[in-house]
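Both of the next two complexes hold chain A, though its partner changes from chain B to chain C.
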Partner chain A sequence: MNPRTFPLLATIAIFLVAYAICSAQYPTIFSTRVAGNLLTDNAYLGIVAVGMTLVILSGGIDLSVGSVIAFSGVFIAVMLRDSGLHPVVVFALLLMITTLFGAAMGGLIDILAMPPFIVTLAGMFLARGVAYMLTIDSVPIDHAVYDFLQGAYYLMPGKGRLTFIGVLMLLTVLAGMIVAHRTRFGASVFALGGGIATARLMGVKVRRTTVLIYAFSGFMSGLAGIVFSIYTGSGYPLAAVGTELTAIAAVVIGGTLLSGGAGYMFGTLVGVLTMGLIQTYIIFDGTLSSWWTKIVIGVLLLSFILLQKALVHLSTRRQGAV
Partner chain B sequence: MMRSLKRVAPQLLTLVVLAALVSWFFPGFLRIELTDGRLVGPVIDILKRGAPVALLAVGMTLVVATGGIDLSVGTVMAITGAVAASALVSGWGVPVALVLAMGAGLAAGFWNGCLVSVLGIQPIVATLILMTAGRGIAQLITEGRILTFTDTGFGFLGSGSLMGIPVPTLLWVSTAVLVALLMRRTALGLLIEAVGVNRRASALAGVNARGLIIVVYMASGLCAALAGIIATADIRGADANNAGLWLELDAILAVVIGGNSLLGGRFSIAAAVLGAMIIQTINTGILLAGFPSEYNLVIKAVLVLAILMIQSPHLASEWALIRLQAERRRTVRGQEGTR
Partner chain C sequence: MLLTIRSLTKSFPGTKALDGVNFDLVAGEVHALLGENGAGKSTLIKCLTGAYRRDAGEIRLDGRAISPGSTSEAQDLGIGTVYQEVNLLANLTVAQNLTFGREPRRFGLVDGRAQKRAAEEMLQGYGLNIDVGRDLGSYSVAIQQIIAIARAVEVSGKVLILDEPTASLDAAEVAMLFDVVRRLRDRGLGIVFVSHFLDQVFALCDRLTVLRNGQHVVTERTDGLDRLALIHHMLGRELEAVETQGHAEGAGVQKPEMLRFDGMGRAGVIEPFDLKVRRGEVIGFAGLLGSGRTESAELLFGLRRARTGSARDTDGPLTIDTPQAAIAAGFGFAPEDRKTEGIVADLSIRENIILALQARRGWARRLPRAEQDRLAAQYIESLDIRTSDAEKPIGELSGGNQQKVVLARWLAMNPRFLILDEPTRGIDVGAHAEILKLIGRLTEDGMSVLIISSELDELVVAADRIIVVRDRRHVRELTGADLTADTILAAIAADDSPDESSGKNPVAIAAADAPKTAKEVR
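This part shows the complex of A and B:
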């Protein structure tokens, strides 16, 4: 068996075991209702994590995503309130803006040879700053299309609701899997994560790929922003603070190496669901306070990383023996 | 002396330009007065308010010099603040509170350092763990409340002044000077740079890279503890949720504005604390200049980007390359024309 799939398999196994343990304690967790809510509540996180996975696979990082989600919500809310444009037009405009924003960051990273950490940090300030400039209040979104999207769901057996945004998240993950694992662009991303110099020697167009990677992440952040606005029904410049770190944690739990070049898009979905499961469990328990979520996520992050370390160590030792 | 001055020249120049810019909008920017035995004025305010980020930047510079990064410092501020406040509330007195808080900072740094150097986890994830989990720990200590205390002795550290100068300012300046002297008057700074340039090579050359990395993260934890003590003393309360929130990003920014490479290697503490002062000047300056506070982040982002672009050595070579290519194209076209 390919040792590279070990982290992914371990992640899936841990998620299933955790789900089984939770269900043993609270049998209702094992129902389509909870499963549906798990997808709905984490839809925006899953979408943003897809973009983050690609960035991390390339060896970069994108700290701007949380701010871009906040900007998206505010942009949509303000545009719908003031301009009278149809939401679909606003969505298209927004996705264009966030994609260009991401592309600009990618361009700066490559042209200035500056660490992605710093460039996207400036991007993080900028996106949230623009959101503040649009409004400092929480702006409610009131539109027939939104009512429709919020009410759109498929009733699964067991009365679980498979909502529109939940399905959109799953489709995004699927698209992400295709982009990362089945396209030439995806191969370039993996090559870049393996090492820029080697990638260049292999004929990867480094600048083009870097720009596209961050543009992809920007697009996903915009999409996540749309989903978040549907989920909350409002735009608020202080929303989604710290989402970038949650997304990074989900990606790492999903078995993607932070050094880039190795990982699976599907693992990210499992990572997002694992974190959602922890939160669901804490809500079900009721006695644990919310700060336990943070501690548990931290501990989980550590154990996943240690597990990956051990696996990588084992596989390299075996290769060394051969 | 001249060489170190030359090293911080870009940062000093940026500060001068910023000061001029703010003075243009707010003429009284550079005025300093003596009221009730205290120095008062916007500049003094910047020197005081910038204390937490400046302290964090000192520790962060060392971590960055080893090629690492410490995302947990903001959270460590919250933890140490919570520890100090709960010690004071329990009536254990100021010395015990200080010792406990600094001990907590050192312990946090030791944890980070072990993850990075012994287990070999990437610094950004290793410290992300404490960054996430640490706020939970801080909230456990404060039991989810904002712990307030009335101890004036401890409050002196945040809002008092000695010889007219705010205590936080004295604290960060003396910390920066002490650490810089320790680094440059001994071989310690050189060893850290060696680890940052190439950890394997330095280990082969006999540098105790493993131990050094742990020590560096502990230094960062200690600086974060000092910053946490100042922040807590200033508001006379420990807020586990908001103390030091996102300050790690400002600290990293300060280090980078100070011209230190995130890839590790040569570092300058003086430049990093100047970077912290640049950030604080931007923050305070935007308010003084009378811009609505909604514009803060955008102006900050633009200024930071501008500073980074000017500092990027790559940009100069990029321009040269573009010009060279254009020239070559012109000559090729010229040759085709003659043919």
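This part shows the complex of A and C:
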């Protein structure tokens, strides 16, 4: 068994056990309704976490994603209100903007040899600021296409609704899995996470790869912004504050090494669903404060970091022993 | 001729790392590149692999002039390199590492099965039977090394440079690696082998080239060469003209014993050794790179914890298990690699000088600024540190002056026992002589000094007593009339059987019998 898969297996096991416990206590949790809602409610988080996974796999971090989601919502709402463009055109424009924004951050990180933390922190303030410039109010979105997208779902057996945004999230994860694990670009991302000097020695085009990684994350943030606007039906500059941290937590709980170089895109989906499940349980319970979500997530995060430390320790020791 | 290098020159600020070096490589040979630290081996290799741009000279591969600007360009030309470490990515599978950048694809996606097949094919002929689907990091360093070679051969295919590939391998693994290298040689590759293990060089290599201080010394066939001559080439005799007396009379004078180390040792690092240090004495450690000379000093200073042995001074036992304890006991240590271990390049000369003193006081009790200025001024004057100003960042000084600042730092602590690892490495001849003179002055004031050096003549000039370290053992102690470069060379080059002249136990004799031997010799 490859020790690399341990965190992924642990993540899946924890999710299954948690789901079993929750279902035992509230049998209705084990239903397609809850499953459908789990996907719908966490669609934007799942999408943004796919981008974040790639960034973290490369050994970086992207703090701008929450602000970019807020900017996206505001941009869409304002454009639809003021310009009269068709939503599809607005979506395309938005995705172009957020992708270029990510690419620019990636370029700065590589050209200036700056830590991703600082560059994307600046990006975080910038995107939030621009969102405020567009409007300081919550702008409702009212458009026939939005009504259609919000109402589009497939009725699963058991009356669970598999919504458009839920399916979009699953497709995004699938795309992320292919990019990360089945392309040369993905191999370069893992190589960067393993060590930039070595990666360069092996022929990785570091600048190009770095730009593409953050462009990918920017694109996913934009897509998450679209999904978030469909989910909430509005654009608000104060939306999605702290989402970048939730996404990082989902990625780490999903078994990806925070220092980069090891992890699975699929794990991120499980991480997102685990966090969503905790939320659902608390809603079902009704008496627990929602802050328990944060506490459980904190404990989970800590235990995953410890697990990863132990695995790294184990593998280096074995390396020395053979 | 596969590879020809003519009058290759490369300078760095303050030093000429390569000075008109010539080097030839024939297809189907293993050619050793030898030299002590700073001889220019790695600079030569970096010029060859495109990591450095040469200043002058010519490199021809298959008769064509080449000028690689990057590692990947050198690879495409046919020059592949395997370093001691940092070659491949431990977090990827063996197959991913082997096929990286040229993964077989189907419909634009990496084809995992074809990737594994390709990797297995690449490993054929290397005598490895491993699962290529596992992470590279789960295999031993030796196997990783062979995988790195397989990749380098695959992507380059003409010249293979092995830079200290055996440094962290055990004997069986070295044999395995050598098999692979010989097979590649028979396939017609030109292989450059860099190592400081002479046994390995003799066992594996057809020819060897020795560099010293950035210059080409000699290229010869290994089978016609004896060890003594080779070591002679490597260590050199720059100071031959310097008079080699001066300390001979001092050695006879019985100085009082100050420190005593019994049975200091650590498995795999250095065999247990005894050492007596007398007041005002200069002891030299001689030996080749990797012989255990630096490790011995690190044990004495607590940089590495000794597993066996004890230390004591005239007042009683000492516990030296950390550098802090050593400093508290009045020891000082100026490490070999001044750039990474000795100086803090961005701090000023003054700050560098007071660093150790301040550390001993603790950060809460700041050394008064006036006192700092006084110390800096005092040492800049007494050590003749050439600078416009005590506030200049030390990184802007020349190598020799940096070394003096490092010395000043320890002198400010007023140590009784100062260890200097290669104190004259990479500094010019003038500063060299000054530092040796300075060491002489210090011992007159009663300080004891331990010098580790590759330059035998420097040791002969400076030391009262020289201990020869070989293969992680203290094998001989030389004093009095034995203190000549030739006897040191002979002791370093002697083969592994214990030296008859030094009795049954060459380790124990090192310190204990020394004064007697010295007297008898006189």
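By definition in this document, the second predicted complex is superposed on the first by the 319 of 322 C-alpha atoms of A that agree within 3 Å, B and C clash if a C-alpha of one lies under 4 Å from a C-alpha of the other, contacts with A are read in each partner's own complex, and residues count from 1 in each chain.
Following the convention adopted for this analysis, contacts are C-beta pairs under 8 Å (C-beta built on N, C-alpha and C of every residue); 3 or more make two chains touch, one makes a residue touch a chain.
Since this is a predicted model, take the numbers as computed values, not measurements.
Touch criterion not met for A:A13: it reaches neither chain B nor chain C. Contact with chain C, but none with chain B, is seen for A:R182 once the two complexes are overlaid on the shared chain.
One of chain B and chain C touches more residues of chain A, and that partner is B.
Of the two partner chains placed by the overlay, only chain C lies in contact with A:F190; chain B stays clear of it.
Of the two partner chains placed by superposition, only chain B is touched by A:A249; chain C is not. Legend: residue contacts after superposition of the two complexes on their common chain; A:L171 is shown touching neither chain B nor chain C.
Residue contacts after overlaying the shared chain place A:L201 against chain C, while chain B stays out of touching range. Across the complex, chain A meets chain C through its residues 2-4, 178, 182-184, 186-187, 190-191, 193-195, 197-204, 261-262, 315-316, 318-319, 322.
If you check the complex, the residues on chain C that touch chain A are 71-72, 75, 86-92, 96-97, 100-101, 103, 105, 108-110, 112, 133-135, 137-141, 143. Interface of chain B with chain A (complex): residues 69, 115, 119-122, 124-126, 128-137, 139-140, 144, 240, 249, 252-253, 256, 262-263, 294-302, 304-305, 308-309, 312, 314-315, 318. On the chain A side of its complex with chain B, the touching residues are 61, 63, 108, 111-115, 117-119, 121-126, 128-130, 132-133, 136, 245, 248-249, 252, 258-259, 289, 291-295, 297-299, 301-302, 305-306, 309.
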